[in-house]
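These are the structures in question, set out in turn.
Paired with chain B in one complex and with chain C in the other, chain A is shared by the two complexes that follow.
Let's turn to the complex of A and B:
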């Protein structure tokens, strides 16, 4: 059973690695965005003398980390499955002798992680050498970051699978994915690092699943939280992953019972 | 006049076809409004922490933000056909446009008139109105004309960028994602005063892609702020014209591309 998922994961992973030109353009775009952000933060820090919740070098590193792993944001449904649902070939997926949720989850995981791995290394290199990205303060921080970024990938794949399943209801699917991209980009810390949000919102932000996509790994990396907290933070990420997996399974079960395949 | 009439026909067709999916239209508009609204929330969060940005207050930044976003939304609505133009080149569909006795640029623009962008436009407009109320700008006829001319000319500049992006695909057959840095990235850049950025970056967005001329400079005139970069008032009033000029140049380059076009044959 697990062997089938592994084969699908590695096939999807290798397909994603083929788009090298697109990755190169993406790297250029993300370096540009990161650079604008860094200049704006520089200007903000220069305009105030009041102490800020997070230091300027930490913010710069946070910004570069968010550009390096930007594609972990569950921006849209899995495009292959979306095409299958539109054309009706999703019927073949239903016939395969494997667990459908696990199959879609594997596909989502591959399509989320492959482009990130491809883009992250060059961004780390360029930003690290020239643009102010700093190394983690300790080896323990680095290890904590590595652990939580894996959990972030699992969480992101669970989000993507959930959006993909929602397509079984709405076909065009724009509504749900627009809502999700909006919420996840502000609540994960991509637009503004979460420590800047007003103090009264922090408890809410800490509870919600979105910070597990970006903010938790970044805080661990820059040493904003001590590496000893890694276990409770990763537990937060994994708990939400489980919630989303169960929700996705339940919805998929309901959907496949009432699914009408558009013949064509 | 004939051309304008034709374009209007394209617009009415687009309205009618989108109204076939009314629920989807409403949902998309609200989704989009919500999405860009959250972006502005991000700016508010930063001002809540820092108070000001090198002497600029939140309503002043909001004026820049509103101008950039209304311009860009107009351009996206009108010029969206150029955004997916590389697909037409790849599939050889552009051949059909060449045999019709109308301007090719007009036909490509009319291919896809996106009313859906009204979400971003409304949000930009709301921020713009809030900014002018909060600032208590001393309005005059000159300033009013300047504001409207800037937004229109800014839209022209963005359309010019979409056209250049499409023109490149005559040679590359692919879409160049890197152009997003000057379109979407350009909106992001012009939401903040250009004086904050490094010198080379500032010069790039003034002389190469003159986005500063349709945002920062006219905004200074409206706000009656002295420019740390030292530009005179007459320049701030005339700078937006450069956006329109940019579109004219882009259309010339487009014509060059059309002449170079060889069908992929598929």
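Let's turn to the complex of A and C:
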């Protein structure tokens, strides 16, 4: 079973690596946006006298981390499967002698991670050398970040797969994508880092799955939370991953029973 | 969507045992490709090998047998998006066979193909059936496909089977008529015969429809050639398009 998923993952990964010019353009855009966001926070910290929940250098690092791993946000459905659903080629996916959910999860994982891996390193390099991205305070923090970013990838792929499955009902997926962009970008902390949110929202933010995509790895990286908390935080990420996987499987089971491929 | 009924493929109910069924069947949709759009053809083949878990030795044997049959060698390293439709279809056919299915579904496999590819694909389908014993289920609107390939024909209209049998049986059921096509030496104002009807006349070529039970072809030919100066003639069955169209018409009444 796993061999098939690995093959699909690696093919989808290589497909995504083909878009190198897109990656280059993306790196430029993400550096530019990061620069603007850092300037806003600099202005904010200079003009305030009240103590803030998170230090200025930590915020700058938080911002650059979010720019580097931005594409990990499940902003839209898996584009390959979306195209297949629109054209009807999705029928071929049902012809594979493998579990359909696992097949789509592998595709989603590849399409979420390949572009991030392609873009993260150059952004880390430039931001680390010139733009205020700091190294983690300790080796333990770095290890905790690495562990939680892997969990974030698994969570993001589960989100993507779920949204992709919803296309079997809606076909276009525009509405779902807009909703998901809004929710995930605000609630994961890439617009305003989550420590700045009012106290009464913290319990809600802590419960929701979205912080597992960005905020949890970033807090571990900058040392805002101690590396010893990594296990409970990763458990939060993995628990939500499981919930989304079960939900996706259930929806897919219902969808395949009513699927009609039109125009053959 | 079906309202009722039963469906079995190789003894399995396909929607209950989707995975087991998928392992034994191959499918080609003429309008869609199962190859990876951005990757070279050979990588799609290797991917399918892994997805269907075909042992490397079996895969290599199958690939080396199929690739020369459809002359795919020069295409293997080309990304799928750069292939022409005919090239892509040939690659898709091989892709559907790498896991050695016993049953192959072809949905409009020759649609939009150039003449050379069309003939190559037809020849390949025939050999697949004769030499390897693969059962092939073909859906097509191409009447030449039917004439050349099918030993059993089913005509379906709005989910109902209108006919099921050999092509000859189908012909006999719809009509006994034959066509006599005559090329005249001189243009003639009007061609007529008491036992045949003129259905087409362009220039010196005249097409007559007759029922061989009422008048034997030999007699009709004798009568026509003595009455008109004839350069050439031949007798043929009505084309299969005609038969199918008439079948649909009959069912509507």
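Please note the rule applied: the second predicted complex is superposed on the first by the 263 of 264 C-alpha atoms of A that agree within 3 Å, B and C clash if a C-alpha of one lies under 4 Å from a C-alpha of the other, contacts with A are read in each partner's own complex, and residues count from 1 in each chain.
By definition in this document, contacts are C-beta pairs under 8 Å (C-beta built on N, C-alpha and C of every residue); 3 or more make two chains touch, one makes a residue touch a chain.
Nothing here was measured: the structure is a model prediction, and the numbers come from that model.
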Simultaneous placement of chain C and chain B on chain A, clash or fit: fit
Partner chain(s) touched by A:196 [first = chain B, second = chain C, both, neither]: first
Partner chain in contact with A:97 - chain B first, chain C second, else both or neither: second
Which superposed partner A:239 touches (first chain B, second chain C, both, neither): neither
Spatial angle chain C-chain A-chain B, Cα centroids [nearest 10 degrees]: 90
Contacts of A:204 with chain B and chain C, given as first, second, both or neither: neither
Winner by number of chain A residues touched, once chain B and chain C are compared: B
Which superposed partner A:178 touches (first chain B, second chain C, both, neither): first
First, second, both or neither for A:186, with chain B first and chain C second: first
Touching partner for A:25 - first (chain B), second (chain C), both, neither: first
Touching partner for A:135 - first (chain B), second (chain C), both, neither: neither
Partner chain(s) touched by A:48 [first = chain B, second = chain C, both, neither]: first
Three-chain overlay, closest Cα atoms of chain B and chain C, distance in Å: 13
For the chain B and chain A complex, residues of the former touching the latter: 24, 27-28, 31-32, 34-35, 38-39, 41-42, 45-46, 48-55, 174, 176-178, 180-181, 185, 188-189, 192, 196-198, 201
Of all residues in chain A, those that touch chain B in their complex: 21-22, 25-26, 28-29, 32-33, 35-36, 39-40, 42-48, 50, 52-53, 172, 174-175, 178-179, 181-183, 185-186, 191-192, 196-198
Footprint of chain C on chain A - complex, ascending: 3-4, 6-8, 11, 14-15, 18, 87-89, 91-92, 94-99, 257, 260, 263-264
Contacting residues of chain C [partner chain A, same complex]: 1, 15, 18-20, 22-23, 25, 27, 29, 31-34, 36-39, 43, 46-47, 50-53, 107-108, 139
